[in-house]
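Both complexes shown next keep chain A, but they swap its partner, so chain B is in the first and chain C is in the second.
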Partner chain A sequence: MKFFDLSYFIGCFSKLMPYLPLTLMILLIAMAITIPLSAFLAWRNLQGNAAERGLIRLYIQVIRGAPFIVMLFVVYFGIPKLMLALFGIDINGWNKASYIIITMVLFQSARMSEAMRAAYLAVPRGQMEAVYSCGMTGLQGFLHVMLPQTVLVVLPNLGNLVLSSLLETAVGFSVGIIDFVGNARMVTSRDYGLHTLEIYLAVALVYWALAVLLARLFGLLEGALARRQGRTLSGRSSERKGRRAARV
Partner chain B sequence: MIEVRGLRKSFGENEILKGIDVHVDTGDVVVILGPSGSGKTTLLRCINFLEKADDGVLTVGDMTLDLKSVRKKDIAAVRKRTGYVFQNYNLFINKTARENVMLGLTVGRRMPKDQAFAIATAALDRVGLSDRYDHYPSQLSGGQQQRVGIARAIALNPEVILFDEPTSALDPELIGEVLQVMKDLAEDGMTMLVVTHEMGFARDVASHVIFMDDGVIVEEGTPKDIFNHPQHERTRQFLRRILKGEAGEFGGSGI
Partner chain C sequence: MFNMEFARATMGAILREGLPATLTVVFWTLVISLPLGFLLGLIRFRRVPVLMPLSTVVISFFRGTPLVILIFLLYSALPDALARLAQIHGWGIDVYGLLLGSTKGYAVFICSTFTISTMAEIFRSALGAVEAGQLEAAHCVGLSTAQAYWHIVIPQALVSALPNLGNDVIGLVKGTSLMFYMGLKDIMGVAKTEAGPAYAYVEAYVDVLIVYVVLCFILQELFRHLEQRLRSYGAKG
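Entry: the complex of A and B
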């Protein structure tokens, strides 16, 4: 037996690729929910009352302490029981992909909302004071001054979190989802486990290419936004600071 | 015309402003002097509602407000009639010089873009920045940023502009250009309330000088009164210290 069968390696992509769209769809749906949910959580964590803030912080703490795969199992086994007990709804017929989507949303929204909150707080306080002194409302200031600056700050972190979400899709097989990796496992066993290395290298190569693509996408987005705000990416540190007067 | 009466403000247990009365007639320039921590910034911030005063009465033009119980719409009205120039400029980082000046007009007042554009351009011309319309704050010197800050305030056509140490974050060689712009404004009849440590400006431009210490007004009068015949020991001490520093460090600030 050859250590590495190159022609099998090249050929196996055609068996793997048809299942890639499902994985991408999982990522897309999860992010489409996570990003607005995180923004909402960050907002309430910044401006909500003590109860809201306490609840959100507890949520973040709990979620951040749990390994992804453990959370996936808890969601997979827990949610159907919960739905049945609470609402009497039987969701065993649900598409299995929904469990990993739920887990990704829970897992990443805790992290993403913290990144967004930190980015918002990184915008100098004086920006909002200037907004008010120019006769604008809080909402107007948020839309025209705070939001553009916050987005620019959060984008690199957001890119990293979306990237780690992409990688997390790889554990969906463990609850029986036949996605990109799930299918790869089926292919290996169909071929009697003879080409496990080739198949997983191919899988890794595809993930790697997607990761590079995603990073590039976020890089372009950040560059475009930075240009619109008169900042070059390397130039952000070169902003001149006047001699600051002694603080009170 | 702008006036505060009996302004009080505490942060927790600390009473920072202990009943301040200030009156600025239309076209006057009132300068507030005082040591660090005496409450000068807090006073201006209370007038613009960046800080909520505990007590006092504020009059701007024909509008009088009890500061204990102001409504949102009063705050908006006062801010509409007052401009504010910050110590650290606080230009909108994501906007060009001209956009900085336009934003309060187009967004705050829903003015048509072309009209706001013309006003902003004229305001920047007035502060000597005709060659910097499309520069971002990060591409401007401190003195230029502060002049954009002043243009942003005057573009909104306020009845009075509040200046909080507009030159104290600047390198010494940039102070003169900002003071010159303020002097020109004063000569054009702008009503101004100015916190500054620039004694030359106070002496030459102010119609009235107030010396504050520890949350109270210690002494006030014409620049002549304050600089040539200070009545209180605290005023004398303060002036001695500042004037000595100025002679030694800056040798006057180019005005």
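Entry: the complex of A and C
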């Protein structure tokens, strides 16, 4: 009986790590859907008619006040019931991971679309006027002039949102997903709860390492994009202070 | 399909028992975290040796670890390990009674750990937003550094921290929704106990969702109002 069993701590990583890919896969799929969806929502929020704008803003307002775990439970218990009642489709056989993916898409697309909208608005409007006076079409102007600058502005916020999504994956076990944390909980009970400290510390360290890695990755990406666009990040330090740069 | 009667009854229980518990935990967490977070932010802003790199690691850990893992670590793992430690050394202390005697108290402790971390970063950047010239000007008129901070720098920093603080408080309120994992009977905890026997999960969680959305909306408007009133006092830039 020890306060902290170091050899168990080192050994438990081999039991935990095989389940990390599922967690990362959940994050990857959710982000692959969220990013284009957010861009679409931001576009409709900027250029759509009053009804579209009102609807999107209501959606954003509601989602902003909803805790992730509560949304996950509503989706997990509500969607199968809704599908059965509306279309008579039984989706209880669905992979449980799909519920957290749906929740994450709903949860983050509201935030991400707001970040994208703000970033687009941060690019001076004169740029688009210049585009037209050069004889380019609106689409050309968007793709070649507005989009690259918008991406550079949104990147730190995008990084933070992806990072928070990574941390949200940890509650997937609540609906019975055997992912990184779900497996860790099974390992804990299999060892009669004798090594909770070692196991959860290992889980925390892996998440921490991933979060630091992700923040670093976004930092590198931002630097590379800025260089390609011939900008120096340090030159915009006053601008950076206002936003919260992606970091842990 | 949707049991309206149950939803209404559960909403009553949530508002009577759950909401006060959530607000109590949030209140005491803020009472603890605001001063300590500010102190830590000041330490980081002034780059105090030893404490600076130490706080960087601690803050990074609390921000890079999922809240639910933090709860498991601090609620189930830490007391167990401390109890073992007490047993090994024969201290004869009732670790569980000492730590977990009050669920609300322990929830406040867990919430404070990550709230202090996020607030330290907010206050640090807010202090940075106050122009260095303000401190120099204060020195020129004969104020000591402590006086200058107290009368000139800190008030401006607090105002420019307000938008981020508002977001942080809302984040804290939403974060408490995970505290049912440590047995807290808050909004979520009450809903969960009500939902189980009736097998009316959708109704209970939709109730919870509504309560949180309304609560966060009220807080958001409150902070917006405060910001507008105090805007003229804030640091420019």
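Here is the rule we use: the second predicted complex is superposed on the first by the 236 of 248 C-alpha atoms of A that agree within 3 Å, B and C clash if a C-alpha of one lies under 4 Å from a C-alpha of the other, contacts with A are read in each partner's own complex, and residues count from 1 in each chain.
Everything that follows uses one rule, which is that contacts are C-beta pairs under 8 Å (C-beta built on N, C-alpha and C of every residue); 3 or more make two chains touch, one makes a residue touch a chain.
Keep in mind it's a predicted model, so treat the numbers as computed, not measured.
Of the two partner chains placed by the overlay, only chain B lies in contact with A:G135; chain C stays clear of it. Of the two partner chains, neither chain B nor chain C is touched by A:L37.
In the superposed model, A:H144 makes contact with chain B only, not with chain C.
Contact with neither chain B nor chain C is seen for A:L55 once the two complexes are overlaid on the shared chain.
With both complexes placed on chain A, chain A has more residues touched by C than by the other of chain B and chain C.
Touch criterion not met for A:L24: it reaches neither chain B nor chain C. Shared-chain residue A:A211: touches chain C; no touch with chain B. Of the two partner chains, chain C is the only one that A:L167 touches; chain B does not reach it. By the document's definition of touching, of the two partners only chain C reaches A:V203; chain B does not.
In the superposition on chain A, the residues of chain A contacted by chain B and by chain C overlap at 238, 244, 248.
Looking at the complex, you find that chain C touches chain A at residues 1, 60-61, 63-70, 72-73, 76-78, 80-81, 84-85, 87-88, 125, 128-129, 164, 170, 174-175, 177-178, 188, 201-202, 205-206, 208-209, 212-217, 220, 237.
Residues 1-4, 61-62, 64-71, 73-74, 77-78, 81, 85, 167-171, 181, 193, 196-197, 199-201, 203-204, 207-208, 211-212, 238, 241, 244, 248 of chain A are the ones touching chain C in the complex. Chain contact summary for the complex, chain A toward chain B: residues 124, 126-127, 129-137, 140, 144-145, 148-149, 152, 228-231, 235-236, 238-240, 242-246, 248. Only residues 36-37, 41, 48-50, 76, 79-80, 82-84, 86-96, 103-104, 107-109, 135-142, 145, 152-153, 156, 165, 168-171, 174 of chain B touch chain A when the two sit together in their complex.
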